[in-house]
Amino acid sequence: MKLSLLNELRVQNPIVFNISNFVTVQDVANGLNALGASPIMSEEVAEAAEMVGIANAVCLNLGAFTERQIEQIQTVGQLANEQHRPLVIDPVAVGAVTYRKHVANHLLETFHPDVIRGNAGEIAALADITWAAKGIDAGSGDGDLVAIAQACAQKLSCTVILSGPTDIITDGTRTVKVMNGTPLFQVHVGSGDMLSSIVGAFCAIEPDAFEAAQTACLVFAAIGQLVVEANPDVAAGSFIVKLLDALQTTTVTDIEAVAAFE
Amino acid sequence: MKLSLLNELRVQNPIVFNISNFVTVQDVANGLNALGASPIMSEEVAEAAEMVGIANAVCLNLGAFTERQIEQIQTVGQLANEQHRPLVIDPVAVGAVTYRKHVANHLLETFHPDVIRGNAGEIAALADITWAAKGIDAGSGDGDLVAIAQACAQKLSCTVILSGPTDIITDGTRTVKVMNGTPLFQVHVGSGDMLSSIVGAFCAIEPDAFEAAQTACLVFAAIGQLVVEANPDVAAGSFIVKLLDALQTTTVTDIEAVAAFE
Amino acid sequence: MKLSLLNELRVQNPIVFNISNFVTVQDVANGLNALGASPIMSEEVAEAAEMVGIANAVCLNLGAFTERQIEQIQTVGQLANEQHRPLVIDPVAVGAVTYRKHVANHLLETFHPDVIRGNAGEIAALADITWAAKGIDAGSGDGDLVAIAQACAQKLSCTVILSGPTDIITDGTRTVKVMNGTPLFQVHVGSGDMLSSIVGAFCAIEPDAFEAAQTACLVFAAIGQLVVEANPDVAAGSFIVKLLDALQTTTVTDIEAVAAFE
């Protein structure tokens, strides 16, 4: 686990180009900014090549898109591949909505992601494994989560992050579990989208996507946990406020003190 | 007043499908989530039928739409009727903008809402009663607010919530007034939209829309009031943070202690 | 410096019609509301004339637009000119993205703004002065910022606000510097967009755009500084919460006590 990447990120201030869903876009921008990266957003395909050109990483959120946005997502994904920018995909609700699964599967035939981050229901859907997803939530199932994440990573030849109470990060061969976190991440709608973009920021400074992904997960989960430990009364609203504060102020030493992974 | 519905909502965790305006969409999602419901958003008509299918209630916000979104709003409203999902409408600014009034009137000829929630200017506009609305704000007039709400409910054969310092809830015959609340609701732009979606969440678990609507109003208004009583210094920014916290943590007993309705 | 304009703004509650970028739109709405103005947003060209008609000022944000939105921005800008509504432009990222610079230059041939607000990279780009911008951030350069702002103001015959650690406000002849502020404005993504709309609110009540612009800058910068002085531990998340609170509660006297301008 290369926790020193957090210090490098804050020095390098990488630009992450996000096609974000409209529900959580401000949280994503603020989360990147607070951590020490530089967010840029765009919905216009005419500036896609230029945006990818100035970006150090690209993060595509597949939540709440329209047909027109799908074209742009495809273009940007292909541009990221062509211009060798790390590419992170967040397949929102592909486990619950068949239409989104079809679109995601189609998109993943047109470009290659370095990292896919989703909950159990989303990762299972991409791996074609049966799972009872519920809306945007993970749902429940009794599959082996590590096996599901590995199957998805092998099928799509990329690093997979299966987010949950324990995050599972795997490139299909190597696997790490991050046990830090707090249930409050599930109560705030933007948490997963924020993590996906932060994974992008770490990929911008670390060429090994598996290393970048696991570090991003540990940093994010540990900071969330530290927020709750320092503020036992936080709930749905104050958690995100204090999380943004802590993304800015938490040090590598703070994280090392609670880091739990194997 | 069935306050126990709040406990049922938290157990059942109903999915509310929202077509939200882009200004307040994140607040709406976080408000539903904090209270104990599960939000899902979409802007794409191709997934409308599937979204309505997995939803337990539908909430259509008529603020800030484009022509393309109107098509989707119409499709989703009709699907909600066909699939017997409770349907809540929030007619943002129909009192101030003639174009929005025309669009809303047209839409209301193509589907039937179970609940309409708006401020005095918006409800008066839908009831074709003269009122001086101002932008997105209620404006002022000297009409009888109860008569305006009842006229709207009778004209459109649904439950109407006329939001204000006192909320008026009526199905055209039965009428309840909720006197709880705080002026800070008016200072935060997303308050009304958040309430509309929360009405949807209560309609998902209570078939009588009038019962669901009045309970939602009392729960939301009382929680806002409790926030201000517990934190006399809250203002525009901290109010929403503490409101989200309180949506998650306030109990039926807490609400009963301050409930004021007749 | 007419600080009493803040009191007038709170009495008059001017309506500001914003075409906002989707990243920061809720902050913009809440910021206007907290200060005492009344925000209204729309993405639909069919209601553009009516929106401009009910507005007391118009603010066009050129961040994150699509081709379709460009048409609407052009229409609304022209309507603001025709209907003599004060017009504020925020040229997001025109310094970093050539496509945005071309679009902005084209738009500025079709309507005339009263005020343009941007960071050094954005204002330099509009003035055709070389500058190393970085994404949505100001970037760095060694030009004379006052000369850059004046060149832009003279070229476009309007008031220019060049935002930064020191804000420079100029109509090409008269120039004021506002030295208040806090580095936390840079950490929160919506700060600049919020200021642009607040400039619109002041333009709605003060016909001299140069006077309105400098007062808006001083009010916003001083309130941010007061927030940090009163809460030394604020960071990325809590700053915006307390800023919204302070936009609502800070008095002219509070601002006078720290005002630093020349």
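Observations
Each chain carries a letter (A, B and C) given by its place in the written order, and its residues are counted from 1.
By definition in this document, a contact is a pair of C-beta atoms (placed from the backbone, for glycine too) under 8 Å apart; a residue touches a chain by one contact, two chains touch by 3 or more.
Chains and their UniProt names: A, B, C = Hydroxyethylthiazole kinase.
Fair warning: this is a prediction, and the values are worked out from it, not measured in the lab.
If each chain is drawn as a node and touching chains are joined, the picture has every node linked to every other. Judged by shared residue numbers over all numbers used at their interface, chain A and chain B contact each other through mostly different positions, with under half in common.
Centroid to centroid, with C-alpha atoms defining each point, chain A and chain B lie 32 Å apart. For chain A, the set of residues touching two or more other chains reads 22, 26, 240-241. Put simply, chain B touches chain A in their complex at residues 15, 20, 22, 25-26, 29-30, 33-34, 38-44, 46-47, 50-51, 54, 240-249. On the chain C side of its complex with chain A, the touching residues are 21-24, 26-27, 63-67, 93, 96-100, 134-137, 187-190, 234-238, 241.
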